[in-house]
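The structure appears below as structure tokens.
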């Protein structure tokens, strides 16, 4: 029983179909309480005022935005090395979720920045990095859309993901260097974990878990769709040939 | 029941609203495309079965 | 001497097998014409032999550095002269036969003309001269006489004959007559890949689906 | 391989616009900026390094889609891929030819255009150093983008979308090097980073470009 068995599309369809209701259940059971807890039942922080409530959407989205790209990188590598179609399709399926998460992180960041810094947008290294990450998602998705042949598209987007990952990390360090000293300490994310009291921390963990489960749900749904779409393409092609 | 946000009402409702709207949109698009592809695949398989 | 041997080759286009079980061999001094209607996979087969795309199954055996491939397009640069075009490919293949090629293909008078001012027949001759400067014995030609008039086709046939006479070999795909009566002909029709339902090769993705889909 | 470089350069000259077009575009960008931000010398001097880098980057982008497109259309790319030189060498030479026809003229012309933007005196040296170190990376990364989109109709816009994010680190460190050099600040970090990124890009990205070409020719 090897993990690669699940790389078989049929096996994947069976397993994911069986898994899906459970994953949906787990998503509802973590996301809803996490968000409700964060929104209604957290006290107002002395330092941030009520804006602390933004972290329950901002931090999970930002965490996912990065981790989804990492997942795409791993999936692309598996495709390029082992040629498992499900892997390539999972990377394709994940990209729009990652893009939306990046967008959420940017928008909520802007909403938070407004009262904190007095401006909607600040060229803070962290915000800048997310903007660049957003561009990488856009390019990756556009390349998938542009190429007709699905295997060619999988190969090329895989290579792009590989090269893009290196440059995304480089951009991150470049952005830190580029804007160092101007806004030190004004970043808003997980750096302050250790300072956040449990009363904020617990619902945050639940929200992050909820967002994570939502990603898993959407990823399964979208990958199933991509597999079906790929199968449809193969059938249409076969019909044309016959 | 609604908590009091003071001067941060726009900040909080705006960011939560945008988040929930985007997530809802993503879920909706995912489900709609999923249903569409599933239908198309079924139709294609039926056709190929009857054609031979 | 066999220069190129193909055994049980299956080639694919867009992930779907188009030809399967193709076998033939090509010896020095011989020409082989691949025939078949449009879309049968002639170009795909030649591209696979040239190493531009992987074969799904089967074996291609050929000594290294024996093949020169020429596609539909001649790969000529319109703004370079005839001589410059040939010199470039001679440098790439590290040979020294530009002069001989110019003479053999009767291009001496045109050597300083830009390739864009050549007629279709002259361009094809330049394309053949390019094959000559590669110094490779096996020519793999895709539709070599397309857009040529009868006189040019005869000239082409002569050039191929001359190449065969010096121990070369030629593999050509076409659906029109090449004027090479002595060439063997391989009809690709019988090698058309069977549909997967009939036990034919399935694409890498289809392969994972057994029978009906969920 | 020298033959390939010579051929590409000769083609660029014969086709016309190979050298000139990028430069003209660069000049136009530099000319338009004062119209946008106003003619005050002190404002221009402050943004000059950024504008010059951005102009160079956009001028470089302009000719990327031609790197492989012409060879793809006339079938040369197929022939080069079956020729006895490695495809990695082909893409490297292509990038070099692109740099010589686009990057090098920009490096040479940048000081002239810098005068128009009131670039402060000490910055000239660093402008030259940064462009000389940075533009090869732009060409190599552009070749990668061109390799990804070689078979596509309407690939030009997609190419920009794919390549521009890859240019971010080079742009940041390049412009930063000029700015710091002009202000007499420490330049070791941007200098080494810029050189390091270019070196790593030139060494590694051609493998990705060649892989992309192989996939696209399949």
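Note that the chains are named A, B, C and D in the order they appear, and that numbering of residues resets to 1 at the start of each chain.
Everything below uses one rule, namely that a contact is a pair of C-beta atoms (placed from the backbone, for glycine too) under 8 Å apart; a residue touches a chain by one contact, two chains touch by 3 or more.
This structure is a prediction, so every number in the text was calculated from the model and none was measured.
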item: Chain whose Cα centroid lies at the greatest distance from that of chain A; value: C
item: More contacts between chains, A-B or A-C; value: A-B
item: Chain occupying the middle, per Cα centroid; value: D
item: Distance from chain C to chain A - Cα centre to Cα centre, in angstrom; value: 48
item: Inter-chain centre distance, chain B versus chain D - centres from mean C-alpha coordinates, in Å; value: 41
item: For chain A paired with chain B, centre-to-centre distance based on mean C-alpha positions, whole Å; value: 16
item: Interchain centroid distance [CA atoms averaged], chain A/chain D, Å; value: 31
item: Shared-contact residues (touching 2 or more other chains) in chain A; value: 231, 238
item: Where chain C touches two or more other chains at once, by residue number; value: 213
item: Multi-partner residues of chain D (each touching 2 or more other chains); value: 218
item: Chain C-touching residues of chain D, taken from the complex the two chains share; value: 2-4, 7, 10-11, 14-15, 73-76, 78-85, 217-218
item: Of chain B, residues touching chain A in the complex; value: 1, 3-8, 10-12, 14-16, 18-19, 22-23, 25-27, 29-31, 33-34, 37-38, 40-41, 44-45, 48, 51
item: Chain A residues touching chain C - in the complex, by the definition given at the top; value: 8-10, 13-14, 17, 83, 85, 149-151, 230-231, 234, 237-238, 241-242
item: Complex contact set, residues of chain C against chain D; value: 47, 50-54, 65, 67-80, 84, 87-89, 91-94
item: For the chain C and chain A complex, residues of the former touching the latter; value: 14-16, 18, 195-196, 203-206, 208-210, 213-214
